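Order as written gives the chain letters A, B, C, D and E; numbering starts at 1 within each chain.
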Amino acid sequence: MIQVHDLHRHFGGFRAVDGASLTIEKGSITGLIGPNGAGKSTLFNVIAGVLKPTSGRVTMAGEDITGLPPHELFHKGLLRTFQLAHEFSSMTVRENLMMVPGAQTGETLINTWLRRGQIRNEERALRKKADEVLEFLTISHVADEKAGNLSGGQKKLLELGRTMMVDARIVFLDEVGAGVNRTLLGTIGDAITRLNKERGYTFCVIEHDMDFIGRLCDPVIVMAAGNVLAQGSADSIMKNEAVIEAYLGTGLKNKVAAEIAEETEFHESHGAQPGLGAEAGHGGDGKPAGDL
Amino acid sequence: MDILNAIVTLLNFVVIPAAAYGAQLALGALGVTLIYGILRFSNFAHGDTMAFGTALVILVTWALQAVGISLTPLPTALLALPIGIALTALFVLGTDRVVYRFYRKKRSAPIILVMASVGVMFIMNGLTRIIPNIGVREIRFDDGARFLISVQDFKAWTGLNEGLSLRVSQALTLIVTALCCWALFRFLNRTRSGKAMRAYSDNEDLALLSGINPEQVVRLTWIIATALAVTAGTLYGLDKSFKAFNYFQILLPIFAAAIVGGLGNPLGAVAGGFIVAFSEVAVTYPWKKVANYLGFQPEGLLQLLSTEYKFAVSFVILIVVLLFRPTGLFRGKSV
Amino acid sequence: MAQPYLSATDMRGGYGKADILNGCTLTVEKGQIAVIVGPNGAGKSTAMKAVFGMLNLREGAVLLNGQDITALTPQERVHKGMGFVPQTHNIFPTMTVEENLEMGAFIRNDDYRATMEQVYHLFPAVADKRRQNAGELSGGQRQQVAVGRALMTQPSLLMLDEPTAGVSPIVMDELFDRIIEVARTGISILMVEQNARQALEIADIGYVLVQGANAYTDTGPALLADPEVRRTFLGG
Amino acid sequence: MSNTRQADGTSPWRAPILFLILAALFFAEGTFRNALFSGSWNTALAILNMGLISAVMALGVNMQWGYAGLFNAGVVGFLALGGLAPVLVSTAPVEGAWAAGGLRVIVALLVGLGTLVLAAQVWRRLGGALRLPALIAVLVAGFVLYRYLFDPAVIAIEANNSAAAGNIGGLGWPILLSWPVGALFAAAAAWGVGKVALGLRSDYLAIATLGIGEIIVAVMRNEEWLARGVKNVSGIPRPVPYELDLQSNADFVARAASWGMDPATASGIWVKLLYAGLFTAVLLLLILMAELALKSPWGRMMRAIRDNETAAEAMGKNVTRRHLQIFVIGSAVIGLAGAMMVTLDGLLSPNSFNPLRYTFLIWVMVIVGGSGNNWGSVLGAILIWFLWIKAEVWGPELMRLITAPLPEGTIRDDLLAGAPHMRFIALGAVLLLVLRFAPRGLVPEK
Amino acid sequence: EEIKMGISLGLTGPLESIAPPIQKGAELAMKEVSDSGKLLDGSTIAPVVADNTCVDAAASVAAVERIVSEGVKGIMGGMCSGETIASLEKVGVPNGIVMISPSATSPALSTIDDKGFFFRTSPSDARQGEVMADIVLERGIKNVAVTYTNNDYGKGLADSFANAFKAKGGNVTVVSAHDDGKGDYSAEVAALAAAGGDALAVVGYADQGGAGIIQGALDSGAFETFILPDGMVNQALVDKFGAQLETSFGQNPSAEGDGHDKFAELAKTAGFDGTSAFSGEAYDAAALMLLAMQAAKSSDPKVYKDKVMEIANAPGEKILPGELAKGLELLAAGTDIDYVGATSVELIEPGESSGVYREVDFKGGKLNVVGFR
């Protein structure tokens, strides 16, 4: 789906991304991990058109998309979330979602004067969809709150919610999990899996939570110092010496990591809270992900 | 010899006047930039602070002269300056207490503070003009020597065709500006209070959590900015003459200077001041005379643009600079 | 038993009309680590702010070392020995990393260089960037600077709002190790965590906050062992 | 702890009540004669008319700032451009001007424009070492050709009856036609400016537009061939009858008498009412369109862009295009107001276009009214304009009040001599008071 | 009866510093008439002041509208041409109020359709340009640089001077504008110096940009001789530059005889500078309206407007400043007068000063009158 060829992005003399080459397969949920400052977010930003690469190329389904502005990428089906939440702070949470879909009739100035009826219908549909997403993310009670007043985690959820408002081909998630309650994160993971399986979205996920990565992602790409350090299945990565050295560490972590292995099973067998989107297996009835 | 004449002409008509004017703008821009950097709004009352402060300095100067104190050959106003600064600072702190603090506490958008400063500007504008004996008049208060080098003397010494003049006020301006910049830099980058000010400007809440007293930072900012403003105003008044209206007019180039250098960046303010001044003078300068000395006999004046457009020229340069460096030469902030 | 070092009892209050905190109580003994967990929007950060005096309480009192500090400003609380790392906006972006740390030591009059070295030792990635503006750091690096800044204060009560959000596992381990170490020196720690299982491992006391009120309170391991808590709040 | 901007609920009655108060102020100005009010409907309506035009200006600024967060500090420039339209469209043609070089000037301007377009193309298309030399060559050649065509034509036009004319004159078309043309002028300039400068952020955009505004005004002042420069154009046609014609119209005089008014007063009021009607119609139409747009997905998108450009861009909104769109539209509205103002004044006087009056005062209007809210801008505009004018009387009155307890003597005389400047103090004080009690504007954005 | 008389000036704004002496000049005449008790059987005059800001047409209209609604019988003003045109067209003419401007010199005002309500005591720029060119040439100066204040007065006078000067065989090296109230004039001075010339004609205001230009030129040694027209010739300039103006000269409209001096004296007693720009014109403007009322035996502007030209011009007894009481008496007795006033008023159609100029120089650091033309 996405291919990155020998990508460089330098800040002054500092090489944040230093010749990275990688491939995100169509239909995969690719994990991207690496120490702080490895260049993951920078890589995202270059792919998503926020930063211009110093050199190198990015292609999407064979088409060169290097340096295209974000809004064009959006219309090609490339969506992303921000590591530091970028909500529209003085708009309500619902409006934050409703503004996402492109090609709304009411976004053309002339139409706002001449085609009121059509706009009203579209708005009704949009509103319904937004409410469903909010429901799914467990934040419907703040639907009419200004987004700037949300808690840190709620903002993260909103960030994710925006990608659920439209049909995307590929979604880049930059640490959606940081600051999100782990139970909810489990549900989000389920949603990602479903979107991937049922709608064919491709995902690329940056996370530091190895539980999440391990449960969701295949393959996992490890970055360090602006370059790809390792690549493979989650299991193989967690055993990789270099990765443990640079990223996972051996301290307290090991204990927890061991635990995680167990937990994963535990979680999958128990499922999430009722009403919060059933697990992948259930085939869900009319609730969130399927509808989004 | 002709080369020398050409150089002297340039010095006399372009370099020295532009440098002095640039230094005046720079001093003003420093104050604007400081307020912007730390209190995060564009202070429109700055020009009128300059005028108000200078008016007070003049009153004090007269009082000093009346009791027979003077500072010849330097202007007496220099003696009066600290008193003027202190009085103006008191007034400005008063405006902060009555006006700005409220919005700060409410965390209003910067534009609200800008508008409040417009209100303060109107008030100071009026106050300056109703000060008895100052008002709308044009006042000269530059006692002491006027010239370091005068045209006649220079011609006599050197035997050149062209003269060169350097006024005391020009020299003073340049020296004082350099001193102020140096001091401000050291202060901001080396001292605890300076760093506290920068911290406050970066993240007010976190500054609070670090034990910085925000009100103290704000006070200090106002005092320094006022000192810069009154100094700038006094030097400007010494060099030209005092007229309240002109101080309002000079606000525009001051803002231009602060912004082209990068708002909130002191180094930028200084650079900006000189860029604006030099572009105004140099781009509209007719090179005919210089060319004559260099052996060319052009028909026209060799003027790129007529002086009517001098202000426009400096803005064009400014826009071009901004297009290539969108936050100013020295990377300023933007709200 | 002597009264706890920090005791914030029955706090009620919020931002606008509706209360966010509905009778939340938090106490920390000297040298203890207290961890708050709970769903997003439960009011954890709000509770932290309330303890630090950045939110007007309608009801409830905050006692530090037996002294009532409910009426003090945040700044005065800093001088009383409280340090705080907020969840967001927790660095000075246009100051260098080093200056950020210096600002942490703003109220200290002694020589803080040793502490700074310790911080750099703890976060080597940040040490490499000490002359760089903190705003240019990656998300995880910022978080490290933020925690480092609070450590510089050498507070007697350290409050951390999600210190490990976005930091890599290896740094997280280091951080938790360091927090244990800090607590051993007699400093009380109050932190909010979403990496709840790791945090509760080391917690002397854990609070589960739901809708601004205490839902469960117990020792960390005990909470970890409670299946209900695990399922609904700790992600299984 | 982020921005604790609290939604202080504003009563839905707030706007209507404030408009009522404003109406009461005008009513008082029209009827009561005392130290504060003039008691003349002529005065009240004169203030109202300019207030309505200011409201149009404020709407334009509000579109740019309130909807999209674009800080346009060059209001005066776009206003001046709009003001050019009545002169070029509606004044009588100047005899001999076109023959002297009208066509040549137009060709020269086209050559100038063509040069710029060509230069841009060269810059975009060519690469490598050839790029810069080619660009310079194009620019220099274009400039020389431009000056070759332009200068003699201008000299000829300006020499043509220089005391009374000296410009190319107008087309003699109806004055109302010049209003949309004024909007077009401003829009065209805004398009060019926007293409170049809209990449800049907040205050930097402000200074760029401030500069452009100054440049436009400088051009209008110094290009005499265009509209007589500083020599002013007066006697611009009106869309309403002249008072003197009314006064000599027997019907009108009779009607005035039946109303118990003398013809002079009645004719003044009638003419002003006609103006007021025209301006109100324009204003209401603009508000209607603006409100419809603002209360639809378009408005939502604009607010999103204002809030967070990066995120809006990532959500597929073409921020640059939208900024350009709203910048052009807002400037067009400002230009329209400029044309309306020159029509009302009957005079184009480029020296009067100073940024304090036509940029910052308009900004004050928008902010005091409540940025982002169309009705707020209108309210702010009319109110601030009213105060701006009344401060002329209230300021000195205030001074008289302050100095009353002082003994007769020089200090008191000195202070009274400065009384006209109390205008600014009074205005500043009112501005601060309004901002204090309504920090987000009188009618804040919801 | 108390007669209200309007005074409309830019008390705030770019020309605020020259407005007060103008206001005082007008008020002096009104007070003189009032105190004499001879106008229309003992009527008194109450001045009503309006601040027209000089640059803002709308504000000016509103201000003048206000004083008209207060019932003024005539207006001394406006001050700047643009604003004067606006208030005249929109208020003065429709309401039938006489306006006499002391300082608006735009040629547009000569051709404006004023229905006979507008006069000005300042002469047309065109005439002064001729006079000025003659003076310069007679002094043997052939090369001059010209700078003018960038408004209709400056532009108009500079153009007419430059044209006349060239037509008479002189050479103009450059004509460039300067703006009033700007921070710095280095660029302008540099440009003028580069263009060169034996003298610099400064068409501006003595306490505005004009002085800035002279200061800059003197300091940098660019020019020593300045040619100074009416806006520049006054005591303030002499006070400021003194002996530095040794070789400079100029002209301003003034009566042969003691009108000017007498006014200056009166002003001094009243505590203001009567030589300040347009102060005398303002006195004359106010006096003309009041005398015309007396001649018409009515304070109704629609009536007395027809008398203004009559009393301003010969034949008749000459009336100087301070002699308004005498003028009123004569008029009451039906005797014709020829008002001379502070600026030797001589109105030509369509109601503006014909302009008698006195030539001055500044030898010995004083303002010396060297002749009239």
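Going forward, a contact is a pair of C-beta atoms (placed from the backbone, for glycine too) under 8 Å apart; a residue touches a chain by one contact, two chains touch by 3 or more.
None of these values were measured; they are calculated from a predicted model.
Undergrad: Going by the stated contact rule, which chains contact chain D and chain E alike?
TA: Both-contact set = B.
Undergrad: Just how many steps, at minimum, does a route from chain C to chain E need if it may pass only between touching chains?
TA: Contact-graph shortest path, chain C to chain E, evaluates to 2.
Undergrad: So, comparing C-alpha centroids, which chain is the farthest one from chain C?
TA: E
Undergrad: If we define chain centres by averaging CA atoms, which chain lands farthest from chain B? Would you check?
TA: So the farthest one, by centre of C-alpha atoms, is A.
Undergrad: When the contacting C-beta pairs are counted for B-E and for B-C, which pair yields the higher total?
TA: B-E
Undergrad: Which integer distance in Å separates the CA centroid of chain A from that of chain D?
TA: Going by mean C-alpha positions, chain A sits 47 Å from chain D.
Undergrad: What whole-Å value do you get for the distance between chain B and chain D if each is reduced to the mean of its CA atoms?
TA: 30
Undergrad: Roughly how many whole angstrom separate the Cα centroids of chain A and chain C?
TA: The mean C-alpha positions of chain A and chain C differ by 28 Å.
Undergrad: At which residue positions does chain C touch at least two other chains?
TA: 15, 45, 54, 86, 88-89, in rising order.
Undergrad: Could you list which residues of chain A touch at least two other chains?
TA: Chain A, residues with two or more chain partners: not present.
Undergrad: On chain B, where are the residues touching two or more other chains?
TA: Residues 129, 136, 205, 306, 308, 311.
Undergrad: Can you list the residues on chain C that touch chain B in the complex?
TA: Interface residues on chain C, with respect to chain B: 52, 54, 74-75, 78-79, 83-84, 86, 89-95, 99, 102-104, 106-107, 149, 153.
Undergrad: Quick check: in the complex, which residue numbers of chain D touch chain E?
TA: Interface residues on the chain D side: 38-40, 42-43, 46-47, 50, 53, 162-164, 221-222, 229-232, 234-235, 242-244, 247, 264-265, 267-268, 271, 341, 344-347, 349, 351-352, 354, 357, 388-389, 392-393, 417, 420-421, 423-424.
Undergrad: If we count contacts the way the header does, which residues on chain B are in touch with chain D in the complex?
TA: On the chain B side, the touching residues are 36, 42, 44, 99, 102-103, 106-108, 111-112, 115-116, 118-123, 125-127, 129-133, 135-136, 205, 248, 252, 255-256, 259-260, 263, 306, 308-309, 311-312, 314-316, 318-319, 322-323, 326-328, 332, 334-335.
Undergrad: Which bits of chain A are touching chain D when the two form their complex?
TA: Within the complex, chain A contacts chain D at residues 48, 50, 69-71, 74-75, 79-80, 82, 86-91, 95-96, 98-100, 102, 104-109, 111-113, 116, 119, 122-123, 146, 148, 162.
Undergrad: Taking the touch rule as given, give the residues of chain E at its contact with chain D in the complex, in rising order.
TA: 11-12, 14, 16, 20, 49-51, 55-59, 61-63, 65-66, 68-70, 80-83, 85-86, 89-90, 93-96, 106-108, 111-113, 115, 126, 150-152, 154-156, 159, 177
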